[in-house]
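Down below are the structures I want you to see.
Look at the two complexes coming up: chain A is in both, with chain B in one and chain C in the other.
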Partner chain A sequence: MKTGTLLLLILLGSFLTAETADEILVKMENAGEYTTSEMESEMKIVTAKGDETKMRLMSYEKRGDEDFSLMWFTEPARLKGTKILTKGDNIWYYNVRTNRDRLLTKSAKKGSMMGSSFSYDDMDMEYTKDFTAQILEDKKDFYWIKAVPLDEDRKYSYLKIKVRKEDFLPEIVEYYDKTESKYKEMILDEFVTIDDHPTALNIRMEDLSNGKITYMITDPETLKFNSDLNEDLFNEKKLKQ
Partner chain B sequence: MKFIIIALLLIASTLSAMDYTIETTFGISYYEEYDDPETNLNGEVMLYLLDEDNITADAAFRVGDDGNYFNRARVKLIQSWWDLALGRQQIGWGNGYNFNPTDIFNAKPLGAAFDPAYAKRGRDSVILTTYWSDILCMEVIYGFAVSSETDMDGINIYRKTDWDLGGKLKTNLFDYDLAFTFTYTDYRTRSINDYFQEVLEPRKLAGISLVGSLPVIDFGVWLEGTYDIETEDYEFITGTEYVFLEDYTLNIEYYRNSSGEPEYENYDFNRMFFGELLAQDYLIPSLRYVASEKLEMSAFAFQNLNDSSSSLGLVFDYYYNDYVDFIITPLYLNGCRESEFGIQKELIGNYGIDLKVRLFL
Partner chain C sequence: MKWNRFGELIVNKHKIILVIATFVTLAAIFFTSRLKIKTQMMDLLPQKEELVINFNKIMNNFDAFDTVIIGIEGEEQDIINYIKFIEDKVEDVFGVDRVITESQVDFLQKNLILLTEREDLENLETMLTADNLRDFVKGLNENFENSYTSGSDSENLSKDKTELLMMTNTLQDFLTNLKDPNPERSQRIADEFVSGKKYMISPDRSMGLIFARTSISTMDGDGTLKLINGLEEVLFKHEAEFNVEANVTGLHAIQRDELVTTERDMSRSSLISLLLIILIFILGFRLIRYSVMAVIPLILGIIWALALTYILIGYLNLMTMMLGAILIGLGIDYSIHVISLFNERRISGGTVDEAIIFTFEKAIPGVISGSITTALGFFVFSFSSFKGFSEFGIVLGIGIFCTLIASIFVLPSLLKIFGKKRLKQREHNGFMLKFESFIINKRWLVVALILLALAWSFYKMNSVRFETDMMKIEPKGLASIELNKKLIDKFEFTSDTSILVSESIEETRMLKEEFDDLSTVGSIDTIVDYLPTMEEQQERAEYGALVKSKLKSEPSFDLYLDELSEELFRLENNLIELSDLAYVGAEKKIVTYCDTIVNSGIIADLAEDIYAYESNIVSVQKQLISRYQEHIAAANIEETITLENLPDNIKENYLGKDGKIMTTIYPESDVWQEKFQNLHVSQLSPYIKNLSGNLLVMLKVISISGSEGKKVLVWTVILIFIVLLIDLRNFKYATLAMLPMIASFVLLLGIMGTFDIKFTMMSVIALPMIIGIGVDDGIHLIHRYKIEKQLLPTVRSTGRAITMTTLTTIAAFGTLMVSEYRGFIGYGLLLTLGIGLAYLMTVCFLVSLISIVDKVKK
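Here is the complex of A and B:
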């Protein structure tokens, strides 16, 4: 076979197997292909001066036509018993001191979660539903993609995401504002596979405007995928328990 | 005293074996007309006695200047489609931030919405909740007789409610939480020293509570109100809220009570002793700012729209560390002498400050 023909075939083959940006988003969304997850995590907030604040929480997630999540704070004492339930775009906040749960305004999703560098939006990204994307770089082990939110009210104008080809998990997420300046950066590391599901145990979010860094560190001993989580967990009944 | 000792011994003997938290709050208040600052010290031990899938039990005992009592002592039985809570417990109905007209069982006082240290007083009650689907539930509450007696510088204020019964049907429609309530309150007795005594007739209230967000602009909106079937009086609160720039929350509530008095010349000042508002219409704007994970600040105003008096305040909530936080609340009262906040100004002064230190274990 002539060299030129061989090269053409290789080129054609790579063209046929390369993912499109939309396909990458689908694979990111389905990364790990789990329907439920539960874990215990520590959220550590470190200011530019080095002051630290720590919280511990249990997190439960159920994926489906609508994604559900429940965060249940266990430490420190002043937050113990506080719960945040998210179902789609809705957030309910449970205050243990008044035994009352309340549906928050949808604009609260843009707000900071417990004073951290994460917003509630950051914790609940649906790649295929919330973004359009284009491929910026296609390297051997990763892609860089640019993801533009469909909701123009988001604080960020677009995201640049480094996506691992082996499992389509994001490794770096850069947030760019309306002036195209990078103002937040999320780095995921300590990738492990648990119950055949790849995931990152550590997430680091840095707010570049004030130097605050928030770490979400998951305890691998508590991490479970596809466990039998009842949907009852994600309603008012569990909030007040 | 014996009861306190027994309770402390019980607590001490079990602390090592169960989950607990201890919260101590030390407060200092100083207002312009005070001779000296007033101090207040209270502690609460919260015990998480049982935490199983089908049964939970917890208790909270308070000691200190506000009295020595169980603020919570509750057992909750949990099944797939119902749960039953018995004992002394906090009850939280309604969606308003500053007032909850539908919550007749343990209403919160004015200003509690801006006090991070506020915890509802427990009510002896039985609460049965049934879950018909993931968006439909019904709750029935029986509140046992409750009374309270407080002394304010020689003024003895006594209140008693014989019993309450309430039902609530709650659902979620088009992303709005919607609840219909019906409550019955039996006779209520209240007195101020020997010069004022009143027995209030039983009350039947039909209520509604709605909360959600406006489409596209995502402003939170809510309405909560009640209608007295016998007297035709009504009470409602409505509001809107928006989170912007991630850290700011703007909130405005309007409250109306038809049984209030629109003309300040006709105010019934006895109502103030029972924690009731005097007028009909109030506007309560507030702005909250999360400066950092350690500091939250709020500015608020209670504006009496009938007599133009107001109470303006700031709240600084600083988390020094996991065990200590500081809450500082300066307050400014404004209004003519006969107005609602003007009268309070005459008693305590134009301005003042509250400082609270909370310790957690």
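Here is the complex of A and C:
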């Protein structure tokens, strides 16, 4: 075979196998495909001054027409029993010390989640529904894509995401504002596969605007997918139980 | 050139030379006494820089820009008493135009409705229309929940931290007042719920502020000194009477403190280095008179250089201030060479005249060419676009020539008169010879060890960073800087701000909205906060009219004790939730404030036993609600606030003489934290044409000194290599002479990387100097080696001189490390390390390399 023909075939082959940006978004979403999940994690928040707060929490998630999630704080003592329930766009907050629950304002979803560097939005990204994307870099093991949110009210103008080709999980997510400045960065590592689901055990979110870093470290022993979760967990009326 | 003719000239005309030198020095002292010192970062930047042009315009145009901040620490009431007492006295201090001790409470109370956003008015409606305490506390709860807990978002907590802390403060007073009623306190609490605290007291009630406006520019050094000294005199005189402690900060105070510290540093390090050098001389030459004679031309050269600096530039900046210390370190080498040669001839039996002529024949050409290379090294700096470097290059270049002239004219003239005492021949113990024999014998091992150290340095040098925290070059414990830190801690208030200048109110509004969206912007102090748009004012006035219509002509003062008890429990729950929210967000102050109230049990006590406090509640309700409703009833909804009817004391904070508008941008976090700093600058960059201020000036100085430092370094290396090629006329030896210098440079970076020593805008200028000075040892050695053709005799002859000049240079630069100003410490440290390493590399690496390349026999 002539060299020119071979090169042409290789080139064509690469076109045939390369994903488009939209396909990457679909694969990213599929990478996290499950009906339910539960895990126990440690959340550590370190401020720019070095002040540190450590918490432990159980997280439960149920996917369907509308996604449900519950965060149930188990440590420290002052927060033990505090819960945050998200159902679609609604968020309920239950404080165990006051024994009060309340539906938070809609705008809370865009804000910081309980003072961490995560927003409620960060915890619930629907790649195909919420973003349009373009490929910035196509390397051997990963892509860098630029994801622009369809919702213009989001705090960020766009995200730059480093996506692993191996399992289409994000490895780095950078948040850019309207001045094209990176103001937040999420780094995921300790990738494992549990019950056929690839996932990252450690997440580090740094808010460059205030120097606050939030670490979310998941205990792999507690990570379960597609288990039967009690419906009551996601019942806002039973938060006090 | 016939150098002996010059020698003869000195011998014949030495008295005339000394008389001329005396007159020149007297004239120079006159000029030197007029020399100013400028320690501002602004003085280091080029005047045509946009940031500098903006800065100067702001300084000339806005009176509010020049403000001295007075911080008073003590108990709240003592602070207030002191402020009331000292106010007039501060106003009488030289340079003070106006004193601000109170917030804009009158204006805020009068225009409460027009200045409150419609949404907040709705949140506050229950509270605004309350005619009893139950409704008042209910309104307070609603406002709390709507503003903070309903969002469950500690981002708001962080942004509104000071406001929130102030509110919990007032809340604590309110609860205390229910337990222990006081009519005056009830009224004050009502006022504070409307317009905040009257005096500028920190939320923890331990610090108060006074702002002193001045017409003295920070560019006016003498005026600044008089202003700050005058203020301190008045403040310190009376602080003990009131049991408080007062200090000053702001640009003027920091500049005065820097001026005093840097002057003290320079005097101290110059004196110590002179003493050390005399000591080294005494140890080297064993005669005090020669030590004194060596120092005289040095002092004359420095005085002449300072006078020329006054004539050419007019002032010294932070970098040229080090002139004395640098010239002592470098200029002494000329005296060493002159005295060494003079003594050599005297010991061998020559007369004083013969010795002087011999010195001119043998030493002066080398001294002149050495000084030319050093001066050229400095003049490279003068081509930098960074004014700090260019002035440094000019002043130091001139300084080198001045000490050179003094050394070749004055020193031989002095030797002619005082050099009659003959030195004795000294026995050398040959340490240098033994050491170098060892180096030559073990040359491969030496080279291997050095290469190993170089490899380690290459590995570590990548971690060397540039210090982005300007405060790290300031002296530790400086009163003005310490107060500045306390302001950040107690008021979340920093002077590291950016100033935005806009043409109109509309433009200011638009820019404020855009800046509000920037995550690194903490708060914005702007005139538009006092000037809502016509539409907003109209909308608020309409709502205000509705609120007012609900006010009864006389409050009912009905008592609902059970419901009030419930509202108090609700208030406690709100504080608990707020505290938990703040706990997760690591907002420790808010946690402490809320927990203090909750844990004191005051709310539970009042709520559980409300009937026991019935009489208290009746009296507080009457005093507080009456006063509160008075404010609401009197609140203006008829007269629109316009720029014209805005009170002068507000306008002058924002309006310039040419009608332009100044807005102050406060950063959200510590601007000296590197990542935050980068983001803040990136977010502000689209607006840079409208911006200036101390912060941006300092950041510009950091970035420009880093980039220009690299350029100067590269040019110095190129220039020195060219000079070496011309001087040695041999590529091999020119390269060999460069190698120890490059090796010492790499090792220095390795040490910096290992011990986390960062470059600063001051220490970065040490690098080209290390290269310029460090290469001298190699040049001397190779020069002599080319003549002698034998390595060991060369080492024996030049080793002592190299050691001596290195010791004196290190003595001079090392004394900078006893400075208080940390910028000088870093600079002294790098120079000491760099020159020490250059010396070691010359006597170890270069000698080994020559012995290998030229196959010198062991």
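We adopt the following convention: the second predicted complex is superposed on the first by the 231 of 241 C-alpha atoms of A that agree within 3 Å, B and C clash if a C-alpha of one lies under 4 Å from a C-alpha of the other, contacts with A are read in each partner's own complex, and residues count from 1 in each chain.
Keep in mind that, in the parts below, contacts are C-beta pairs under 8 Å (C-beta built on N, C-alpha and C of every residue); 3 or more make two chains touch, one makes a residue touch a chain.
What you see is a predicted model, and the numbers here were worked out from it, not measured in a lab.
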Partner chain(s) touched by A:A77 [first = chain B, second = chain C, both, neither]: first
Chain B versus chain C as contact partner of A:S209, first or second or both or neither: second
First, second, both or neither for A:D232, with chain B first and chain C second: first
Which superposed partner A:I45 touches (first chain B, second chain C, both, neither): both
Chain B versus chain C as contact partner of A:R102, first or second or both or neither: both
First, second, both or neither for A:Y183, with chain B first and chain C second: second
First, second, both or neither for A:P220, with chain B first and chain C second: neither
Shared contact residues on chain A - chain B and chain C: 45, 47, 51, 53, 78, 95, 97-98, 100, 102, 104-105, 107-108, 111-112, 114-116, 212
Footprint of chain A on chain C - complex, ascending: 145, 149-158, 517-520, 573, 576-577, 580-588, 668-670, 673, 675-676, 678-679, 682-683, 685-686
Interface residues, chain A side, partner chain C - complex: 45-49, 51-53, 55, 78-79, 82, 84, 91, 93, 95, 97-98, 100, 102, 104-105, 107-108, 111-112, 114-116, 177-183, 206-212
In the complex, chain B residues that touch chain A: 21-23, 56, 76, 78, 80, 83, 89-95, 108, 118-120, 129, 131, 134-135, 137, 170, 175-177, 211-213, 218-220, 241-247, 249, 290, 292-294, 296, 319, 322-323, 325, 358, 360-361
Chain A residues within the chain B interface of the complex: 45, 47, 51, 53-54, 75-78, 80, 88-90, 95, 97-108, 110-112, 114-116, 119, 153, 155, 212, 231-232, 234-237, 241
